[in-house]
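In what follows, a single structure is set out as structure tokens and then discussed.
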Amino acid sequence: MMPGKLAKTAGFLIYAAILLILVPRLIDSYERWDLYYTLTSVALLSIASAGVWLTFFIGRINIGQAAYALIGGYVSAVMVVDHGISFWWTLPAAGLFCAVVSVFVGLPILRLRGVYFAMVTLVFTEVAKMVALALPITHGASGIVNIPLPGALEIFGFTLIPDFNTLDNSRRGFYFLSVVLMLICFLGMYRLVHSRMGRLCFSLQQNEELASSIGVNISYLRIVAYAISSFLGGIGGAIFAAISQSVYPSSFAVADSINFMLNCFLGGLGYVFGPMLGTFVLYFGWDWLFQTGKYQLLIFSSILIALMLVLPNGLLSIRLPGWKKNG
Amino acid sequence: MEQAIVNGLYLGSQYALIALGLTLIFALMNVLNFAHGQLYVLGGFITYVVYGQLGLPFVLALVATAVTLALVGAAIEKFLFRPVIRRSVREESTMLLAAAIAFFLDAVILLLFGEKQRGVPKIMDGLLNWDFRIVMPYDRILIGVLSIFIIVGFILYMQYSKPGRAMRALAQDRVAAQLMGVRVDRYSMIGFALGAMLAGVVGGLLVTITGVNSGIGGPISIKAFMMVMIGGAGVISGAIAGGFILGMMESVGLFYLSSYGDITYLIIFASLMVFLAIRPQGLMGKPWG
Amino acid sequence: MSNKFPLLRKAATVVALSLGLTGLASAQNPVLKIGFVGVTSGPAAAWGISNQRSMETRAAWINETGGFEIDGKKYDIEIVSFDDQKDPKRAIAGMEKMAQEGINYVVGPNVDDGAAAVRPVAEKNGIMYFPYAFPKSLYTAPASNAVLGMVANYQSGPAIYKYLMEEKGVKKVAFIAANESDPLSQRDGGVAAAKALGLEVVADKDTYQNDTRDFVPVLTPVLRARPDLLVLSGVAPGNAPLLIRAARELGYTGLISTETAQDAQVLQEGAGELANGFISVGGASTPEIRTAAMEEFIDRYTKMFGEYNDESNTKVYALEYILETIKANPASMADVEEFKKTMDTFEAKNIYMKGDATLKYVGSTSFGQKRQVSVPMVVNEYMDGEFRTLFIAEVD
Amino acid sequence: MADVLTIDKLTRRFGGLYAVNNVSFNVAENEILSVIGPNGAGKSTLFKLIASFLRPTSGEVCFKGERISGLAPHIVARKGVVRTFQETTIFRNMSVRENVIIAHHLQSRATLFGYFMGSRNARQDEQSFGESADDILQLLNLDHVANELASNLPHGNLRALGIAIGLATNATVLLLDEPFAGMNHEETMRTVQMVQGVRDRGVTVLLVEHDMAAVMKISDRIVVLNFGEKIAEGTAAEIQHDERVIEAYLGIEDESIGL
């Protein structure tokens, strides 16, 4: 094994250990219980943002992720509430359903580029909301409420995940769930980007015509990337529905789509871990400015503007000088 | 039916005017200005203060609005977009900047003018009533006509004035324009100022009809994006067409489909998606804007 | 009205206040924190801002006069606010934050989805919250921590329709609502109520996008059905004058009503005399029934924030209920179960309304348990810049 | 020699304009065939039609007897007809070596998922592509800039990189778009050698070009287009004396005829 790879693996393991062992310890000892939820939010939002990042990676500005988060939330909620299926089965189902939807949506619209794709996906967010308001299966305007907490996940009588109702702190349960999923997600993204598939995606971002002329099936690759992206959106949405135990047509809105995109920008479009950092900074930046009262938005946006002026290529680009970027 | 068409025309004239500024900025700088709606709101509030609160003549209020917004637009271009465009690796980065500016303006407007819906006294009383087939208050007619005048004026300006021609050259091909001796920086700034001014003037005009409210910037931007997409991004005739088409679709759609519930906008949005999938460059746009 | 430069006035007030507060700090009262989770930025900012400001005005007033007395001890009231940006995910974070701060009583959220989303957190952490959202599931058992902070439309609607049917001969009703959860739910409730009264509902499907600026196209088909009464279900205060103006300019001469609170100034600016006769619901909103305390509240609010908002006529109550209930049973300050016990029998004087009106919890009919504050259901008519009382009703 | 590519009555209309009108010719295996013509003669459109980036209005292109018009470009590439572009068309933000490696895409045996999981096929692919890329880079004198970011390359190397990408696809027919444009004499001669080297590896080369001198030097045969129509076809010597060709080029500055 190459030393670089070893260092990266070690780094990842340390990071995982911090998130899964150290952070909960600190939270428990300082009794900052509210951080469980905020960190869970960050983890889930960064999963959805990772999806958006992947579409950026194939050269598409995606402002439609909230639509998939919403669909994912509804798929899980409908299955749990109306059909009594265990949350743990609805979670992958929500992701897969979104992936399937994204194939049908993506086939026509992925031919669009630039602002056109961006706008169509933005419109798609609105469409998802309106469909949720109009359909009977989503219970229309009144949303789905009173969703039970996830039950136990048992395989062959062996309890993999305990019933969340029995946990003395279900927030901690959701925290572990979300952080583990986030780690898996970003590990997967890292693999993907650094595998040949990542290179192919990158080639799409660079020049679709040339990619096509060297024999890359660009429409297929685009669909695959978009489906993965939507899958991640659906997963994020489904867990949010479980945490809030409710889902409404407005649970994920255009503002969320825009935030997902901003997370990617802020972290840096050239970096796999950009969306994670971007989400963290945006979310906590906002939270932290909570104390400034009515000037919160003013200060927040001023900082964003200043950041753009200083680091137009994202936070992670701080390392750019003398450091060869490779995805 | 007549009423629906007249409504659509009136709505379209406003929409077209909103879309014009956005498309101009896009054409010149390839920037999708998320803050367009906020500029509209700012314009509305300036007119509100000058005309509604200080009681000065409406025309004066519009002029004050135009000047202020032009200055704001020029400053945004010069101090924000220009440095970021120069230094960013991917041109999409400007979208984050535009969104941040939108947030910033939202915050400033909320702090300065408060959270309430505002309105001003009617500029004209009375209404046209043709046998209840067409009912239209005079002030709406006046604003509609004014909008069309401004649109025509804008087209003439772009067509025949020196800056207008320079901006068109810039929109055609930035590099070529530069080689031809067009001062790119200067005309980008003028273009941005002009775009912001248009947004502000519409806000000022409409404050007499629909008032103004600090929260509507974002939704206005999104609507403007849609019109620009329909017509083709960066094309002036496209923006005008897009504005009128969206206005007409809303008006006629609501007229015929209202009894089916919430589907008019669903249909508008869905057909926009289908339309763009078939014709990615919009009605009149260049492909792959 | 001196509301030309709210920011300047605000700045002055802030200075004045901070000077005042430093003077007060020496009093060394213990602090009672009350939370607010709601939307104070973005398109729906108006809803939350009037809420938050009502609370802050009342708190500043109490503190200035020496604090709120509970069990012989004076407490300073501190309002801890959280802007959820109308995002249910943020609302959860806000509620978590309140739990973290050890706050047991929270006003808000302002919308259905937020109110539903914070429920698990509130119940887990023992927080009573006072949402401004109408879904019955929030207030019916097994839910027990939410208290509806205002009169629900399914309560006020029937009373208004009945009044208009009997007094004004209304026969045909048309409904119009924004295409969003809250207004749509309210519309459905209103339609059901109207039908139950035997009214003919001539339009019950028409909606508009909340960002609509020009309502003429939206209203054109609705008004062709020639209703006697046009109900603007769950209309946002910002949209009300636009809808009224558009309807009148289309030649509509019938009645217009809504079941939510509105602001007279906004109606005045947005629709002028066209808004005359518009019927809405408020708290102790009209001069005839206001007490001196209400006048003082309005005065203080105006001084603090530059301009009063009539929506606060109802929004002033949530904080009042929380404090008075704690006063009635001091044990509930730390334990919301005590609060719940007190709710069933609680009664106190309504200082904002003339006559012998009382503060008490209601809602047994609608929710099967007392999970609603009893706000005087004052049905108003707008006339030339202010509201006039049409009639006053009670919710049980 | 057998014909690998048959262009049969190919026509493409844009609105009322014929960009390519009823053009027919064959390309024989392992030859270098150039398409020349004044500006606007329809050369680029012809290329796009052959590589199936555009659909013909009528007529067809056949590769080894099989119709390829109307297929998706990546399928045409998979069959062995690969188009390279003018200099700006490379993967700018990848290194030179990466550009060439990625161009081996058609030879990959592993699936996308296999690449993701790092299957055995994937690892073998990576290795063999790397070796082959190094080979190609050496052949085209790019080995010394292999790890440079492609966008940093000087002009001449960019053209070579374009050809390297084409080579890496292991194409049967390589369509080169103006490989000599904007080059000085020395650079052109080097590139001519490169193209010949490509042909020596068994690749059929079809090129569109302005530079007459180079075209005359390397082409086995030449097809001349004017206003979308084929006006001549033959060896360099035949073309140079064709009256219609000379007529077509009259009015064009002398230097572009060169010679």
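Assorted remarks:
As written, the chains take the letters A, B, C and D, and residue 1 is the first residue of each chain.
Rule of thumb we're sticking to: a residue touches a chain if its C-beta (ideal position, glycine included) is under 8 Å from a C-beta of that chain, and two chains touch if they have at least 3 such contacts.
Quick caveat, the model's predicted, so the values are computed rather than measured.
Under the contact definition stated at the top, the chains bordering both chain B and chain D are A. A centroid comparison over C-alpha atoms places D as the chain most distant from chain C. Taking A-B and A-D together, the pair of chains sharing more C-beta contacts is A-B. Each chain gets one centre point, the mean of its Cα atoms, and the points for chain A and chain B are 33 Å apart. One inter-chain figure worth recording: chain A and chain D are separated by 42 Å, centre to centre, where each centre is the mean of the chain's CA atoms. Rounded to whole angstrom, the centroid-to-centroid distance between chain C and chain D, based on C-alpha atoms, equals 72 Å. Computed from the mean C-alpha positions, the centre of chain B lies at a distance of 35 Å from the centre of chain C. In chain B, the residues touching two or more other chains are 106-107, 110-111, 218, 222, 261-262, 265.
Touching of two or more other chains is recorded for residues 130, 133, 255, 294, 297 of chain A. Along chain D, no residue makes contact with two or more other chains. Pairwise chain contacts in this structure: A-B, A-C, A-D, B-C. The residues of chain A lying in touch with chain D in their complex are 188, 191-192, 195-197, 199-200, 202-203, 206-207, 209-210, 212-219, 221, 224. Chain D contributes residues 51, 53, 72-74, 77-78, 82-85, 89-94, 98, 101-103, 105-106, 108, 110, 112, 115-116, 118, 122, 125-126, 165, 168-169 to its touches with chain A in the complex. Per the touch definition, chain B reaches chain A in the complex via residues 26, 32, 80, 83-84, 87-90, 92-93, 95-97, 99-101, 103-104, 106-108, 110-111, 218, 222, 225-226, 228-229, 233, 261-263, 265-266, 269-270, 272-274, 276-278, 280-282, 288-289.
The residues of chain C lying in touch with chain A in their complex are 40-42, 81-83, 85-89, 92-93, 96-97, 99-100, 111-113, 116-121, 124, 135, 137, 179-182, 184-185, 188. Against chain C, the residues of chain A that register as touching in their complex are 32-34, 36-38, 41, 130, 133, 140-143, 145-146, 149, 170-171, 240, 243-246, 248-251, 253, 255-256, 287, 290, 293-294, 296-297.
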